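Both of the next two complexes hold chain A, though its partner changes from chain B to chain C.
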Partner chain A sequence: MLKTRDNSELINRINHNRIYFFLALVVIIMTLGAPGFLRSGNIAPMMKTALLPIMVGIGFTFAMIAGNFDLSVGAVINVGAAIVMGEFNRFYALFGGESAGDGAVIAAWIIAFVLALAAGSLVGLANGLVVAKGKVHSFIVTIGMLTAMSGFVYTYSKGNTISANSYMLVDVIEKPFLRVPYLEIITWRFLIVSLILAFFEILLTKTRWGRDLFMVGSNREAAWQAGIDTDRKVIESFVISGFTAALGGILFAVSMNAAVPNYGERGINPLMLVLASTIIGGTVMTGGHGSVLKTAVAVITIQAIFNGLIGMGLGFDSQVLAAGMLLGVVVLGEAYALYRQSLKRGERPSLMKEAAELKAARSSNR
Partner chain B sequence: MSDPTVALSMKKVSKKFPGTLAINNVDFDVRAGEVHALMGENGAGKSTLMKILAGSYPDYSGDIFIGSQPVRLANPSQAKAVGVGMVYQELSIAYNRTVMENMFAGKIPKKGLFIDWEELKRKTLASLKRVGLHEKINPEALMKDISQHESQLIEMAKVLNDRPCIMVMDEPTSALSSEEVQMLFKIIREIKKQGVAIVYISHHLPEVFEVADRVTVLRDGKKIETREMEDVTKEELVEMMVGRKVEDYLKEKSHSFAEPVLEVRDLTRYGFIHNISFTLHRGEILGVMGLAGSGRTELGRCLAGADPVDYGRVVLGGEEVTIRSMSRMLDKGLAYLSENRKTEGLALRLSNRENILSSIIGRLSSRGFYHPGKGGGLIKELYEKLIIYPPDPSVGTSNLSGGNQQKILLAKWLSTKPKVLILDEPTRGVDVGAKKHIHETIVKLAGEGMSVLLLSSDLPELVSLSDRIAVLKQGHMIGELTHGDGFDENKVLLAANGERSVFSVEY
Partner chain C sequence: MSSISLPLGGDVRKTRQNSLTLLINRFGVFFMILVLSGVGLIVSPGFFSSTNLLNILNAVSYLGIVAAGIAFVIFCGQYGDMSAPMTMAISGVISVEFMRYGLVPAFLAAMATGLVIGAVNGYIVGKFRANAIIWTLAMNFILEGLVRWSYKGTQIYPDMATEKTYQTGFFLPLLAKLDRHIMDIDLVSRAQAFNGLATTYPLGVPLVLYVMFAVMIIGYIVMSKTTFGNQLRVVGSSYEVGRMSGINATGTVMKAFMMSSLFASIAGIFMTSLNRVGAFYIGQGYDFQAVTAIILGGMSLSGGRGSMIGVFGGVFTLGLISNILTLVGIGTFTQKMITGFLFIVVVAVNARSLRKLGRDYA
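Up next is the complex of A and B:
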């Protein structure tokens, strides 16, 4: 009896940390199969691509831990990107443009960042209010918001790509501190994403706020009975999701010096990438369990698969197929585990001893 | 009134539901440091009375005093604040979270900005110690890995954290083995010593005699009596619960049944029901009695193919069948009316016609196309037989009364024209009139040759409909009462409590 318990604990532990095994496995396979996979020249751009979905994945994971899907992040990325670029240009011009010097650039960027982040958080607030107070399913609310926000971005940008009229920030944010192999991935953007990731991981795991959020996602009724303001928690999780999605978009746009209104509508959609990473990273779709760090590791894993497949000479189509299959396998595994668990519910412990004896007797009879 | 030991008194409390007076002028008091058993049949009003105490029904009438303070309980947090702790049968557990997070949800100790894990662990262990689990349970274990019995104790510890002066336990032993029950009783006695007033709801007579100091019996929403446990006998208690309402035996006469339709041998689902054997004859109504957690519903679900069967032989209509799925069992002529019509039985948003025909979509289809029109005659027949109101099958099922919804559910399974019909609590939450119609229909169907397995905890229903009553206890069939020997509600209740002397046939 005791032994099976130990085994299941081990399996549990492995399953909890499965994403690290996945990553290790992918790295081994790709190193063997795709020449040059581990070269710094390959790793650095790969990590760079991962920064946007990692940032967006933070908030997405928060929303899912509370038991909700925030599909609007797909558009909020572009909201953040468009607003930061557009508002920078507006205020830069207002402050006098090129003739005004560095002070004007810095002031304009600060204002643009604040406005873009506020816009993202506001979208999250709206999502949260409708889901928590209006009791509408998050899927419907956020898919509506996704469409509305795409519309907003097109209107705001008049369908054009917006570029900032100053290159100062791009030069700073994307420049490696050291031109040393592997360490060249460290840029300001990388540092910002890492810091924000660390901040939210700590918020989630080490504070009462975070533990209460888990409780809300795991059993809302129990959380409510324990005196937790469940509606407020849900709203806050959506605000965080809007905030990080916007910040992801802002940093991405700044690093490219371009806000494209339809980014993500062709090619691999960042929304799908984030959704797949969150689930593969172990966040439970119905809420109550998950980690932003593991979501980030899952993003890197999927990027490594994409990258490795290209290295093996396979195209874009195989990338999409591989990501889809990986997601499929994980979701199936999750569903099966839930089914196994549901079968055991209501089992009478008092009968288990007899059940074991009966089983033994019957198998020896055969 | 001025008795200082009274922790709770409810005076002339009533609660109305649409159509019924669920609690009718009940006086109920509990002393500090006593275990007060609250007994009564299903629907007697025990749970309603306790829900009033928990603050779930703010629209009650009457007065409630905690100690000598009058209180008005309008919501659960108010009830909690005045010292009422509820240990629910349906545990409110977050399975994905750890034991300690569950126990201190919303009040996790902090050190500065961060959680004080050491303090949390220490507090959890201290709390677990009160229920004797501090050496068995790791506070960091996930709740989903904790057994049901231990979950129950953890739930108790959680309630005790709030230092309640009144603790209500609703059927706390339904999922426990006898050793676990003894452990629970030991803990209850400990808590009692600390001056907590405990209300203990249960059907199990031996347990009540063992643990309770006083007992109050409710029947039909009214209080019958409060007695000291020492001055009351088992038979008296049963009589108080059941009353003298002898309902006429609905079947004309007990035939001798010769033709077996369903033979079950050693049916087993490990951990739920073990080695269940019985024979059901043509035209017979076999009642199955068992207290909460005895495996009654599990037996029905296994036979119907809804739950997996691990072992056993089933012969249906002379043919040996392997139970694989519900649709297969339906094809073989066995239908199962599930316990909960709202979650398992009916699609409430569909119309009555769609609900009734939903079990025979395959039979009404040809070449892949569904012809619901073919079911028109059948629907008319069923509507007449069951007297369903309103007599319009296009009405949405959600608009019907509970009784008529239950008739629709019965019609759904009757439309499959089963040889064997398993009824799981066929009249739960149904008004008196509909109950009578349903009972008459069941008897009529049996008269026409259908065999019925009646799983019910409603004693009058079992007694007035069944030709035989088989008794389940802890997943085993322990005996049988036959109508020929004469059975009444008292005997059935005693049998379900394991009183072996009343059986006609003992297994």
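Up next is the complex of A and C:
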């Protein structure tokens, strides 16, 4: 093979930012195909549905940058949701219920949030410990955790939907600040998700911690040689994944005032969405490359596709099919790219070029 | 002479395995069965009655068929086949579609579907070296979308069909176009034969159990006594070594996945017959349970290790655990949780013991 790879700067840059082009393309197609796609009444609910996968995608991206998959997020969402609702009800009743006033509600919510977030982080910690110290493949461990946790949620909630006995927080968290078209998407939930997204993007790109994580993902051995505690980095990335998945579930449950034990088991699985978005967003499956912000943009892109399908008059089942197809294409494309890369490994383009020039020179001499 | 001897202490790696470790590694699951049987006897005196034993086996027979298939995938070093649940569902749906022309076409169509799914999985995993779990998970979602989309979210009943039924589905519109008298077929008698599959008891033992043993014996012979089995073992131990020693590695992986999907589709037919309805949710959870059973049975996730006898042991162990927990009064949801944790512990211990032996990562 005498072909040399064309590594021009522009193509690289376009490839790195492919998700923005993809989003633009989707928006253009959907605007043309689905009437009313760009109306505020359509965009606002769409963004609202995207908040959960964006939140979960943060941690998922972190785990993937460190070179691992966290498939347990699908169940950790439900763990967070069930615990925050169940524990709120328990402590609300403990503090005296309705007769105790607003103070009891706030105190109960704080305790419930802390407990639910701790539960999510604990699941992440367990995942991380088994992966890093036990040296077991992450997808094996986390798929076991997925089953264990979905069993836990059913046991905890006895298979029922749990609703909070107070509507105070729902009213606060879901109320838009401004009743202006397009700006009505800005609610407390939106702000919380945006702030956490910004925090983790900065952590990833601007701090030493983030650079170390990239190094662990791209070459674990080299990172260890450079003095990075690689096991600790992997465990931390899993804890972040558990934390954000639980927080996503918590915010979702609070905004609906209901925690179902099987959210996503029938229909469009959040795990599927997050997995597809993370890969579309440019995070490499083998680790060492990725961005939280791009994952979030990819989530919005996929939501736009679903939304447009509904706008075109296709049913929910076509959405499920589209989601599956999208994930399939993305995984296949990524696998194919890695396969091409592995074929090129060890190839020396400059030597090949030299050999070709030599051959050409020789034949012209003759 | 002494100048060329090894440094102090010499090579510290074990060159020979401890025979006890090897024994536990190979037959550990049967010790577990012994212990669980003891626990079962304490919990309930009627534990060893033939009815209870038959109940246990009957409960895991579907799992056994699926696990026998996925064992091939794990044996050749590919972690697992997460598309098994939807392979079961789609085969069930297709067998219901073809059931109106008799049981044989139903079986053939369903198994052909399974083989196609396995071939696709196997090609992509074997050729492009895609991560098996992630790809088959994606495949599972694609298949779910396909079934739901083509049936518009509804289910298909073997004994009921209206004009409208023939407008949805995979092959029903085509069948309706080819056969103008399709509405005249007496569905009730055919459906009775189809639904009866899961409730037939030749000699007082469910038919599914015979099928499970047949599948396991075939699996054992293929895996341990044939050239293909040996090729699987080599490719499972090391893909590169297999490829460089002249084995068609892609083809071997492909065949392993086809075995997995074929067995899953057989289980799917019986499952659909048991539920008397074809739907996308048939077979949910079987992927993970099967992998758990296989790992319990001493097969290593790094491939090339273990046997079908161990798989049967693992399946039987899961049946025993479930039976004992039910006797104690623990619900199915908590059982699911316990199985999940058990899986993580077994995998971690397995990986650790292999590493101690200086073998490899699992």
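The definition used in the following text is that the second predicted complex is superposed on the first by the 315 of 366 C-alpha atoms of A that agree within 3 Å, B and C clash if a C-alpha of one lies under 4 Å from a C-alpha of the other, contacts with A are read in each partner's own complex, and residues count from 1 in each chain.
Basically, a residue touches a chain if its C-beta (ideal position, glycine included) is under 8 Å from a C-beta of that chain, and two chains touch if they have at least 3 such contacts.
Since we're looking at a predicted model, the values are computed, not measured.
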Touching partner for A:Y336 - first (chain B), second (chain C), both, neither: second
First (chain B), second (chain C), both or neither touched by A:A148: second
More chain A residues in contact - chain B or chain C: C
Partner chain in contact with A:A322 - chain B first, chain C second, else both or neither: second
Contacts of A:S40 with chain B and chain C, given as first, second, both or neither: neither
Contacts of A:F214 with chain B and chain C, given as first, second, both or neither: first
Which of chain B and chain C A:R348 touches, first, second, both or neither: first
First, second, both or neither for A:V284, with chain B first and chain C second: first
Touching partner for A:N15 - first (chain B), second (chain C), both, neither: neither
Common interface positions of chain A, toward chain B and toward chain C: none
Residue ranges of chain B in contact with chain A within the complex: 76-77, 92-97, 101-102, 105-108, 110, 113-115, 142, 144-145, 147-149, 175-178, 180, 268, 270-272, 274-275, 293, 295, 298, 308, 310-311, 474-475
Complex contact set, residues of chain A against chain B: 8-9, 12, 202, 206-208, 211-212, 214-215, 217-219, 221-223, 225-228, 284, 288-289, 341, 343-344, 346-352, 354-355, 358-359, 362
For the chain C and chain A complex, residues of the former touching the latter: 79, 82, 124, 127-131, 133-135, 137-139, 141-146, 148-149, 151-153, 281, 284-285, 288, 291-292, 301, 331, 333-341, 343-344, 347-348, 351-352, 355, 361-362
Complex contact set, residues of chain A against chain C: 69, 71, 130, 134-137, 139-141, 143-152, 154-155, 159, 265-266, 269, 272, 275, 285, 315-318, 320-325, 327-328, 330-332, 335-336, 338-339, 342
